[in-house]
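Look at the two complexes coming up: chain A is in both, with chain B in one and chain C in the other.
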Partner chain A sequence: MIGTRQLILFLRTLFYSAGTGAFVMIIGALAASVLWTFRHKTLARLLKPLFILSCVMIFVPPYVHALAWADLFYRYGIEGLGASLWVMVMALLPVGLGFSLLGFYLVEDAMVEAGRTLNRDSIVMKSIILPIAMPALLTGMIFSFLWTVHDFSVPSLFFVNIYSLEIFAKYSATNNPFEPFMLSLPMIVVATLIIILISSLSKKLMLGLRKGHTKESLPLVMPLWFRCLQIIAIVILPVQISTPMISLIMKVAKPSNIWISILQARRELGFTLLLSTLTATLSVIFALLLAKRVVEAESRHKLLLWVCILFPLAIPAPLVGIGLVTLFSQRGMGFIYGTLWMPVLANMIRFAPLAVVTLSVQLKRMDQGLLDSASVFQKNRIHGFIRVYLPMILPGLISAFLIVFILTTGELGATLLVSPPGRSTLTMRIYNYMHYGSSQMIAGLCLTMLALSLSTGLIVYRVFSKTGGDR
Partner chain B sequence: MNQSSVLLKINQLCKSYENRKILENIAFEVKSGESIVLMGPSGSGKTTLFRLIIGLEMPDDGEIYLENRLVSSAKESIPPFQRNLGVVFQNPALWPHMNVLSNILFAMQKKDTKHIHEFVDLVIDEMEIRPLLKAYPSRLSGGEARRVSIARALASRPRLMLMDEPLTNLDTALKDRMLEMIKRVTREFETTLIYITHDETESRYISDKCYRLQNGTLTRIEVGNRHCLSSDKLP
Partner chain C sequence: MKVAKRASVILCVVLLSALILPACGTKGKEVVIYTSVDQIFAEDILKEFEEETGIKVKPVFDVEATKTVGLANRVIAEKNKPQADVFWSGEFIMTIVLANEGVLTPYTSPSASDIPAIYKDPDNLWTGYAGRARVIFVNTDLLSPEEYPTSIFDFLDPDRDPSQMAIAQPMFGTTMTQAAALYAYLGEEEARDFFEQIKARGVKVVDGNSVTRDMVAAGQVAFALTDTDDACISVDKGDPVKVIIPDQDGMGTLVIPNTVAMVRGGPNPEEAKILIDYLLSKEMEKKLIDRGWSHIPVRPIDIETACIPMGEIKNMNVTFEEIFNYRDIVNQQMTEIFVK
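Showing the complex of A and B:
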């Protein structure tokens, strides 16, 4: 079923993904921990935009980072797994930073202050802050691992073979869905085990959503080596943000090139917007129905529910595409095959779980007291739904929509296999150009993608932070 | 230490937040072995004063001395753990990932001696928490969690215990039992106590020496003048 070469490739992919996850979390946690050690208002004000920008870079597809770093790497002869790992770390740093900020936010001030009266700050950090933040840090690491394990767009640009690419290649070579499925099994097993771990950690994360910081304390005093590492982590953030921007702007050479590349790719752009809008709308409807059930489910069923919801994240992207092609190419199922609905379904399978997570978080943040009082004072259920429930859940709906929307625009692994004949997404066009096209054209399209991703990310941040439930 | 020596001296302490004066020229002394109560309405600055004494915040002006040693001023501040204080917060603040025993022994990491462990044993018995030692905080009731947090504060044998409304949200019967326990252990372990509350009943039970903090200033309240908020009789 799986040969020695494939076994080595599998292990190498796990090592590469685990390394990416670990680096992402270490850098993210070090940068976020600055808020504990330099809890000064002015510094916090300076760091806030940096952290926000770094976090919204999550919406920038990894291949945009790859393109930006590739020239620099080629110039200095850096290639292979190391180059790919660095680019993935840059692309996923927002995950590390975001989950670290969340983890540290969940550590109550009183816990830290109680520790500080009894022991030195470095021990408080090691024995109190880090263990309490650990569920969030681990979740971030696991998300980064899962993302890396399935993404072949970056390794392929650095001529590195990884397991998910092997699955794609196997299908292309044999056109037989059984072989790639068998090849995917070990990956699915590992990813499922990891998802079970995430699901059990999510309970602790959800429990902590109502806690947070209330007071301003003197900063923790940490050893010099730790502060040096923190500064390095902080310096990496502007590098992560600015490298794609500067590099792409330099490659485009003149602004008119952006317009030329957009005009040339207008069909792809239109198709991408249509595909992403449809996927996001359907995913949000599906997620709204499911999230409410998950939040209200009895705790003994919650773990199983979360594992089922998150399971699609364990499936390699090419296998999602292969599965859909196999299913809908059967006799009597052809009404979907070759239509726009194939990529819509593929992207829903891949990203709707994230919409469920986003809406569950929003439901958890909502003040039950406000809903209860609405049920007393409302004229009827529709009145209560429109005037109270909908405005309260709206930030979650908008965020879930935008998250699925932007991830769909950047999806490659499954879309590549299920796109209708003669139609392709912006990402597919960029990916093809990267191998055969002009660099100005690619840079123009990547800049468009970057602008689209960053503006979406900033909207998500604004919507989600402005209306934070009962805070 | 001499029973009548000054353990804590606070000198012209000032603190403001965003141009709002919270404490203004606060000055008082606490002698070794004394129990004093700090009272005041919500937002009067009790907790700010508590945090300044612990060393979690720095004053804008004035000094805090512990056993004649300057520990806080506008320019310098000795870290909280070097002040040898026992602190009980409003919220028990027990670390959820450690069991009760690990919570209590947290301060012992650097000074692990047989002598200290004998003392911790004594505290555990006094606070009646021996059956809870292996339990995690999520399994404890409100009263149990408070007893553990007091045991944790006592375990490092502090010179001075500070309690910031430690009995908030407990029912009257449990509050009475806890008050009795606090009074007994502070007497048995000869610990100096600063007890912060806005509850007149609690303050009467803990000590006759009471200060009221209001509008940023501190005034001593005579026993006879203290307004009784509750008619509950304590044992």
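Showing the complex of A and C:
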């Protein structure tokens, strides 16, 4: 049983996390909704670089955002829940923007055009565009919620305590995973309930979802208040990017420090790339197999399937790590324990559910007519899979790969507990430097990760362009 | 279509590499060490050990962000199939936890023969050396020398502004150890009252000792509690700061030794002994002090440091066992007081 103090803490944490999730998605959705209110070419020229930069900021750990904002906030005596919420929103805005862009991209141009002939543009936005984009928006919101629920380091910087600190304190005191697991049960139950809600909503909202088209016949004409909110959201993006960037550039002091930090961390860099690539690849394969079954499952089983798939998202990272250690450190498990496969498994448990979500959305969007034609003309199943199915699902595969890749790169809580001796990730080194106060090295590594992700983003963009995904 | 083919080829290459790479490399002599000593200090020392002995070291480093739930819990969870040979901690509480969990094995290192018995486990399960002290860290731009605090009880001084003071969360790390030491020294009631007043006054309670250090260095607070290793980093950078060893006219300050222990059933016991001997040597203790990780030797060593005032440091008169015995109650009470 939890006491009054813990209950208050628990409720405050729910409020704080839900608030963060809501703000992340509201700002992300408002910014992304310009897809429908700007002319496409203007959008491409002006906003694409901003959106790409904002999204790759996911590579900057929330703690780095927090340190940058703390410099500013402390100067003006700003602290508490509001300050912490703002910093988490800034750190998670890439999630909000990314899922919002995905959601708005899924909306069919034809449906919007049909709606416009019958009603005002603002009604079309409210009744057609938003409901269709809603599964992605809600997924982004729950993802931000879960991330915030488990992260006590950022609130701590602004003198706010949340429930996960209580769980950590209990773990620290008992060294027994059972007690903190019991303490984390209320959080897991709430997260599971939200997941169930989202799953049932998604099922309804994804009906009729087929294929996104170009949006060149736009823009929609929206009321002034909505356009003002959009502008505010767009203005927030450069703030979100520039605050940690300026802080990082100032801290790195001279360019040679970037090179020094890369040299010192080259082994971690290599291991991180291998771990993230492997995790993302296997997660995508796993998701591909599972998403097809989920999409084709009978509706009475679908909800249960979704809850099972998404449940790992509700488990705190250290518990995933300790659980795996307990399970695989038994005799006879030496073939996997202490190898690269342990962190791969840990990260797959944590992030493969998101790959399943992404691929399910993509599968829903696939043109059934084309698949039916392929099944008639294909020489055999493999021929049809390679020539028709795989190219059609490729954008979804790449998105799922990237999501898992990025999250694995930044994972700490579980990876630390299962990484093989002698190996560590870039994130582990960054956190070590943080303790040492080596801001030059932290800044150098964060800027390196930013450059890497920016390059990856551009490569993926090129791939999408070639496969027609750009539209 | 071409992209799909390329993607398939890349996929095959990645999977094949992942299968082959971990198996590559010749297996020579090696030793696995789990350490909570900061990577930036431990890494070079372990590399030097490799060069001197030819034994490959596979380290796993802890990070402050996971508080104390990281590596020690991993050692406990690996009880049935130990991966680590040596556990090297920056403090002693978690090492005693491991000893009580039965995951350590006795080893009497010849390098530790000149270390006083009070720094050793009675059953030789661990050995302490190379201490760090709990200190008050002061911003010299914000306080004049006559305003410098001299005792941890200055955190309760009604004439001082509590919003200009900071401590790390006392449920974790060395701040928790210091809290347990205060419980052992002052008694439960008085110590609890001390922390309740800290909370009631509105002293800033932040994420870790490195954060309190950074806040003092940046002038966000006038003074804070931290460890000597954290404080000295800032002193070496030339920040406007000063290290005060508190309560030298009273109860003394807490000195926290590093501890080294051998893991029971580790895969490389002979190499583990060589590494433990290396880490516990007098030369290594001096090296740890010279490099800034430790500042208080446990045996006679000539040291020079500009970071903390030289001379004998008055240590709190409490044993490690007494401090450890208060761990659970302190953790529970600190959580009740501070996690609100």
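Assume the second predicted complex is superposed on the first by the 287 of 471 C-alpha atoms of A that agree within 3 Å, B and C clash if a C-alpha of one lies under 4 Å from a C-alpha of the other, contacts with A are read in each partner's own complex, and residues count from 1 in each chain.
The rule is simple: a residue touches a chain if its C-beta (ideal position, glycine included) is under 8 Å from a C-beta of that chain, and two chains touch if they have at least 3 such contacts.
All figures in this text were calculated on a predicted structure; none of them were measured in a lab.
Contact with chain C, but none with chain B, is seen for A:Pro391 once the two complexes are overlaid on the shared chain. When the two structures are aligned on the shared chain, A:Ala114 is found in touch with chain B, with no touch to chain C. Of the two partner chains placed by the overlay, neither chain B nor chain C lies in contact with A:Gln378. Contacts of A:Asn257 after superposition on the shared chain: neither chain B nor chain C is touched.
When both complexes are overlaid on chain A, the residue A:Pro318 reaches chain C alone and has no touch with chain B. Within the superposed three-chain model, A:Leu165 lies in touch with chain C and out of touch with chain B [touch as defined at top].
Once chain A of one complex is fitted onto chain A of the other, the partner contacts of A:Val221 are limited to chain B, with no touch recorded for chain C. By the touch criterion stated above, A:Pro131 is placed in contact with chain B alone, chain C being left untouched. A count of residues in chain A touched by chain B and by chain C gives the higher number to C.
Residue contacts after overlaying the shared chain place A:Thr37 against neither chain B nor chain C.
Common to the chain B and chain C contact sets on chain A is no residue at all. Interface residues of chain B facing chain A in the complex, by the touch rule stated above, are 51, 54-58, 77, 79-81, 83, 85-87, 89-91, 93, 95-98, 106-107, 109-110, 149, 152-153, 156.
Residue ranges of chain A in contact with chain C, taken from their complex: 5, 8-9, 63, 71, 74, 153, 156-157, 159, 161, 165-166, 168-173, 175, 177, 274, 277-278, 281, 285, 318, 321-322, 325-326, 329-331, 333-334, 337-341, 344, 386-387, 390-391, 394, 397, 412-413, 416-417, 419-422, 424, 428-429, 431-438, 463, 466-467. Those residues of chain A whose C-beta lies close enough to touch chain B in the complex are 108, 110-111, 113-121, 123, 127-128, 131-132, 215-218, 221.
Interface residues of chain C, counted against chain A in their complex, comprise 1, 3-5, 7-8, 11, 14-15, 17-18, 21-22, 32-34, 38-40, 56-74, 76-81, 83-84, 97, 101, 169, 171-172, 176, 204-208, 210-211, 213-215, 218, 220, 230, 233-234, 327-328, 331-332, 334-336, 338-340.
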